[in-house]
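Shared between the two complexes below is subunit A, which has subunit B as its partner in the first and subunit C in the second.
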Partner chain A sequence: MGLFILRRLGVMILTALCLTFIVFWLTNLYPNLEKLAKTQGNFRMSDEQVETYLGNRGYTQSLPVKYGQWLGVLPGYVIEGTDGDTRARCENHGAPTEDTPTFCGILQGEWGFSTVFKEDVGGIVATRLGLTGKLMFWVMMVMVPGALIIGVLAGMREGSRTDRSLSSISILSTATPEYVSGVILIAVFATPLFGMQYFKGTATSAMDDATFNNFFLPVITIALYGMGYIARMTRASMTEVMTAQYIRTARLKGVSFPNIVMKHALRNALIAPFTVIMLQFPWLLNGVVIVETLFNYKGFGWTLVQAASNNDIELLLGVSVVSVFVVLITQLISDIGYVFLNPRIRIS
Partner chain B sequence: MDPLTWTGSLGSILVPAITITAAVFVAGIILQLVMGLFAPEVKLQANPDGTLQGRGGLLGRLEIYNGWLFLLLVALIAAFVVLSWFMPYGEAGILGEMSKRFLPVWIALIVTFALSITFKRKLGLYGKLFDSTIGMIGFGLVMFWVFTAIFVGLFDMIGTHDPLQQISGLKNKTPGEPVPEPDTMFPHYLLGGDNLARDIFTRMVEGSVIVMVIAPLATLFAFMVGITLGLPAGYYGGKLDTVLSFLANLILAFPVILLFYLLVTPEIVATGLPNFLAAFLFVFPLIFFGVLINSRYRSQPSKNTMLLAIVLIPLAVLYLSVVSEQGSPLFVWPNALDLISIPGGILVVFVSVVFVNSPTVFRIVRGLALDIKTRDYVAAAQTRGEGTWYIMLWEILPNARGPLIVDFCLRIGYTTILLGTLGFFGLGLPPESPDWGSTINEGRKLLLIYAHPALPPAIALLSLVLGLNLLADGLREESLKD
Partner chain C sequence: MTKQTLTGAPLHPAVDVYVKDVADGKLDRREFLVRTTALGVTSAAAYGLLGLQQPAQAGGHAQQGGTMRMQMEVRALKDIRATDWTQMAFVYAGWLEYLVEYNSDGSFEPMLLESWEVNDDATVYTLNVRQGVKWNNGDDFTAEDVARVITDWCDTAAEGNSMAGRMSSLVDADTGVAIEGAIEVTGSHQVTLNLPKSDITLIAGMADYPAAIYHSGFDGENPLNDQVGTGPYLSEMHEVGVKSVLVRNEGHDWWGYDAGKGAFLDRIEYIDYGTDPSAWVAAAAADEIDMTYETVGDFVEVFNGIGYEESAVASAATIVIRPNQEAEVDGMKPYADVRVRRAIAMAVDNAVCLELGYANQGEEARNVHVGPMHPEWADVPRIEYDPEGALALLTEAGMADFEMEIFSIDDDWRKNTTDAVAAQLRDAGFNVKRTVIPGSTFWNDWTDYSFSSTNWNHRPLGTQVLGLAYRSGEAWNEFAYSNPEFDALLDEANSIADADARREVMMKIQQVLTDDAVTIQPYWRTVYRHAKPGFVGWDMHIAYLPQIYKIGVAA
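Moving on to the complex of A and B:
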């Protein structure tokens, strides 16, 4: 078991390194740097000026070197620029002083400086993650119990009318991407069009003070899309358990149907959905980006869109590091959790 | 011209009838669900005459009533659609006029269904689809949009105006608004005007063409890539499998939207990265068909060469004319021989959708290959001394077709969702493009003030994806039956 976790961790770190390198490479392609120079300096820079601007700030070093510096395994650059100023990476492109550290990368906890928000990336990511965490918490509170109940009810008696109606509902929910359900929900419940203006169409006020009124629509929009998928997986796992030998034995012994479902079947049927719920996180991340943009809730997903559309390199890298780690860690938890939950694998 | 109402003169009878039926039906379904939880189990009883009797009692009767109610509901809606064809202009309201505009689609649908149901026993899996209600509903929804795309794209029929035409005074107008000069053009904006005073109905049906061209093609390409890489990974295993699986997981661990933002921004497009990616991804169909033919006819060289030439030369020409584009770094094919020129935006969107989809297909194919390679017929082929590619493509692949067809349907739906996501963030396609994602994106900006422009494309996308999901579900159910 220990070896298994270690190996998984190794693969995870390798994946994270590869992914961040790809993001680093794509954001550091020359046209992107040129755009950065022009937005940071001025828009009328000539090609030579762009070249010197980037050179003075260490952007023209070779890619592996820059990546190493960003990661914190190579010393940050100190360049005496063509304009006479000396700039150091660890001083935010300012003049180096006595206490300027040699290494300043992710490993040292230096996430860099956002060019859009004019703030430290670490701080931005932390506050935005907090906001998104609040959203995700409520999504989970709605989605997981809802999906499990639908799945268990549908899988209890395979092929029954209940099963068919609930399965159709879950198909409908998987077929509705967030930007469709969000638009429809806002149009129906937040505009006077249908006379049912019960909720607010933006969640900006929910950042400070989340109420049922302003937070319900974004939460339900994300939850709906994931719910159908988890419900279908739960249903599949439940139908499989209900045909198992020990359920038949329990029936023959005369145990009542509710008792069979609650005491015998449910525990085994919920192992598979656990994995699915964990693996659902990357998809939720997608949903979060769409819903936060749609409802103007300035969380992590909204930050990703801002960083990506303005080519804010360091913020984008910080965001992708976090999201890649969220994805990989949930995969790890789902693997390990599956082993722990399933006695057959645990004992062997 | 007066503004149109939603249902016109038909509304006074049919709309209350439909509403009441639908309400009773929904109430019945809910009652049935609740009762189903407490009802005793189904017990089959033998009648004296040898027939079997299913569940009786209140629940059984409720189920039968609900079935009839559903049929009544369908009949009422069908009556509304059919009656509106025979009414003079404007009498049947907005819905009736839309139903009239879709007349060619209805006819095509009726013909398809009539033919398919008549010959369903001779049509294999496709025919069996017409045994399941879910499958038929799904197929109907999908074919509705397929026919719409055909009639709009090829014959320019259903749309009422030009999708880019702006008529002053109709900006953000609600559905059924008359145009200022009704003599020269279609007299109403059926679903109202958008933020730039364009006809929403026309843009919605025009959008179906873009989706219907890109989504199935991109899915097909993703399948080619996934199959060509997944079969050897599953069949050989070992190092090849480890490396390919690692790469697939790498792409899958990327948040899709981040990937889109990184690939589709104008700066990245300027570096030519999408063109290189296209050059890489579009090779796979060539490899696939080359290997497919070669592994089968290797022992008959003359036939082999002929078939290879017939298939590969057109494909290669197509490949070169798609990949090579003037102004991009990959300009290798003379313009004179360039058959098709894909606008840059569409190519980028296409490539990124294929790129995102293929790792999942790879994993599915790999899993299927791992399972099937232990079967006896594979061992038999190995004993006969068949080549490995022959075994993979002619023994394993045909036997994996069931799950792959089902996944193909689901994946077209997913690709449609991805295309919509790209449009929603305004990536790739030009902003005036009528595709559903972009129009939703346009509409959502003023959603709280004018909700009507965003709704038609949203509902259209929903119905297509729902249709594909239901179709996949029906196919899965029917293919499991035998």
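Moving on to the complex of A and C:
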């Protein structure tokens, strides 16, 4: 088990390295750097001015060197600029002092400085991830129990009226993308149009203080989509289990139907949905982009959009690292979870 | 009888002429106020000269204290002189103030100046600095501070400094900094500006949004780092794209308290809801905001519908849809040819742009960026609307097959107006491609698009925008327009204090711009703001200036 987790961690770090290098390479293509210089300096810089701007701030060093500096395995640049000012990477492109460290990369815990938000990347990612975490937590709290109940109820008796109606609902909800359901929900429940203005159509205030009123619509918008999907998975797995030999044996022995479902079928039927639920985490992390924009909730998805559209190199890298870790950690949890759900699976 | 001018000096001789002009109907009231107050007449006296009472200030009905939440884009701040968004000014207006304040009725009120005097040919300005003003770090505010900031404004080498354009008559063209001896400290609270040539726009320039007065220990990279200013508030938090909060600076004895200026609110919050107005409506319906920064297009009706109060001002704010004359497309400069530009202007009916792009909430314009709200506007007709002739002219220029790509930002009215232009060009038989760019990236190189739309704010005098955006080599010259004849005429216009005399030159300027078909400038916008009932002093400002100290909760 310990070895397994260690191996997984190794894979995780390797993946993160590869991915960040690709992002690093793409964001450091010259046209992207030119865009960065013009946003940060001024719009009408000539090509020579762009060149000196980038040179003075260490952007024109070779790619592996810059990447090494970002990682913290190479010393951060100290460049005496053509304008007479000396700039150091480890002082956020300011003048170096006595206390300026030689290395300042990920290994030293320095995530860099966001050019859009003028703040430390570490702080931004932490705040925004926290906000999205809050959203995801409530989504999971609504989605997982809801989906499992619907799936189990539908799968208990295949072909029954309950099955047909619940299946129709879950197909409908999973076939409606968030940008459709979100708009409909806002129109119905957040405007006086239908006389049902129970909730708020914006979640901006939920960032500081989430209440049922301002948080329900974004949560339900995401939850509805995933709920139908997981419910379908649960139903499929449940119907399969319900036809198994040992269930028939239990029924012949005279075990009551609720007991069969709860004690005999449920645990086996949950293996497949468990994987799906774990896969929802990484999907949520990116899927929230639409819902966060729609409801003006400034979380991780919104940060990603801002960073990408402004070519904010270090923020994008921070976001990628976090994404890699979330995906791989949820996979690790789902692999370990298998062992507990299914005794036949061994991790060696 | 209160004194008629700010300094108590006799009235400027031109004032009599203006009074006569109003009587003859040659000048409307706003123009009269702009001209006379810029010459140092108090606004009460200016109203009095017309036999009118100055409108009472709403401030009297405000209660002390309270919070106001405004929907507004929150942007990263930069060097004050390089401010390119009024939204940035709304943040630093908490602790930085202006020398002069421009009001929606066209008058100029002294703020950090107590008064000013202008000599007859507008070459000597005497600025009397307000007594008893203190910086919030305890330093005295003196004439030295004013002289220092004006000198900074004149530094053309500073990155993105747009104040240099407004102060161009003080700038030495060879060195790119203020002319030696032009800015003179003549007393502990007096600065004298000696101009080599007359300039009528100086006071108006000092009232514009990047003209806030900052302390000598100012951090040019990020104004938030060291918030030393003269104003009543301080920034509590500033999170780009999310939220910015100003709170009352309790320890600071603001000069405005004694002067009865206001600063009623204890706390001002700017909350960013992105660029989609439907999100603002949702925020208003959810009671998360108290007012909008600006309401645009169809949403004026929507906000009226949800019970918000409306404030509307007819302004010289506008949009230009312009080709860049130096832009290279496929290795050639398609818009360098005046025939191509004339063809574009001929193919577009401005009334259609106003109707489709801005729901008729404005007035039709004539493609020259000077309008009837400017005192010196001359009645010059536009190039006639003639779509058939347009195609013929384009074919003559050999560009009939050329595909024009028109860029715009991804928002409501700017996109719609640009669409209306593109549709009319297509109807005329032009080959047009439309590209819409998201707001976060559109401005990265807005002056360099080959053909794109840009919104422009109101300026009090007609010559001002022309100086900022049409003079050769200016930072904001997105047209890449360079015509020595135009530059010379503009200099001439800027030396004539009397607007009637200036109109003669302006007529020539408007004709040159029409002949060169520099841009399409389809309409003048009426600008709107909406607020929840229960607030006072929040009226929409004609030039979007950040007069946040006037806002209060109704008593």
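The rule we apply is simple: the second predicted complex is superposed on the first by the 338 of 348 C-alpha atoms of A that agree within 3 Å, B and C clash if a C-alpha of one lies under 4 Å from a C-alpha of the other, contacts with A are read in each partner's own complex, and residues count from 1 in each chain.
The criterion applied here is as follows: a residue touches a chain if its C-beta (ideal position, glycine included) is under 8 Å from a C-beta of that chain, and two chains touch if they have at least 3 such contacts.
Worth saying up front: this structure is predicted, and the values here are computed from it rather than measured.
The larger set of touched subunit A residues comes from B, when the choice is between subunit B and subunit C.
In the superposed model, A:Ser256 makes contact with neither subunit B nor subunit C. In the superposition on chain A, A:Phe117 contacts subunit C only, with no contact to subunit B. Shared-chain residue A:Thr86: touches no atom of subunit B or subunit C. In the superposed model, A:Ser309 makes contact with both subunit B and subunit C. In the superposed model, A:Leu29 lies in contact with subunit B only, and not with subunit C.
After overlaying the two complexes on the shared chain, residue contacts for A:Ile186 are found with subunit B and with subunit C alike. Residue contacts after overlaying the shared chain place A:Ile290 against subunit B, while subunit C stays out of touching range. Looking at the shared chain after the overlay, A:Gly201 reaches both subunit B and subunit C. By the document's definition of touching, of the two partners only subunit B reaches A:Ser160; subunit C does not. The contact surfaces that subunit B and subunit C form on subunit A in the two complexes overlap at residues 35, 186, 190-191, 201-202, 293, 305, 309. Only residues 11, 14-15, 18-19, 23, 26-27, 29-32, 34-35, 153, 157, 160-162, 165-168, 171-172, 174-177, 179-180, 183-184, 186-187, 190-191, 193, 201-202, 257, 282, 285-286, 289-290, 293-294, 301, 304-305, 308-309, 311, 316, 319-320, 323-324, 327-328, 331 of subunit A touch subunit B when the two sit together in their complex. The touching residues of subunit A, counted against subunit C in their complex, run 35, 38-39, 41-44, 116-118, 186, 190-192, 197, 200-202, 204-205, 207, 214, 293, 296, 298, 302, 305-306, 309-310.
Contact residues of subunit B toward subunit A in the complex are 29, 32-33, 36-37, 41-42, 63, 134, 246, 249-250, 252-258, 261-263, 265, 267-268, 270-271, 273, 413, 417, 420-421, 424-425, 437, 440, 443-444, 447-449, 451-452, 454-455, 458-459, 461-462, 465-466, 468-470, 473. By the touch criterion stated above, subunit C contacts subunit A in their complex at residues 76, 82, 159-160, 222, 239-242, 271, 273-274, 279, 282-283, 285-286, 288, 306, 438, 440-441, 443-448, 475.
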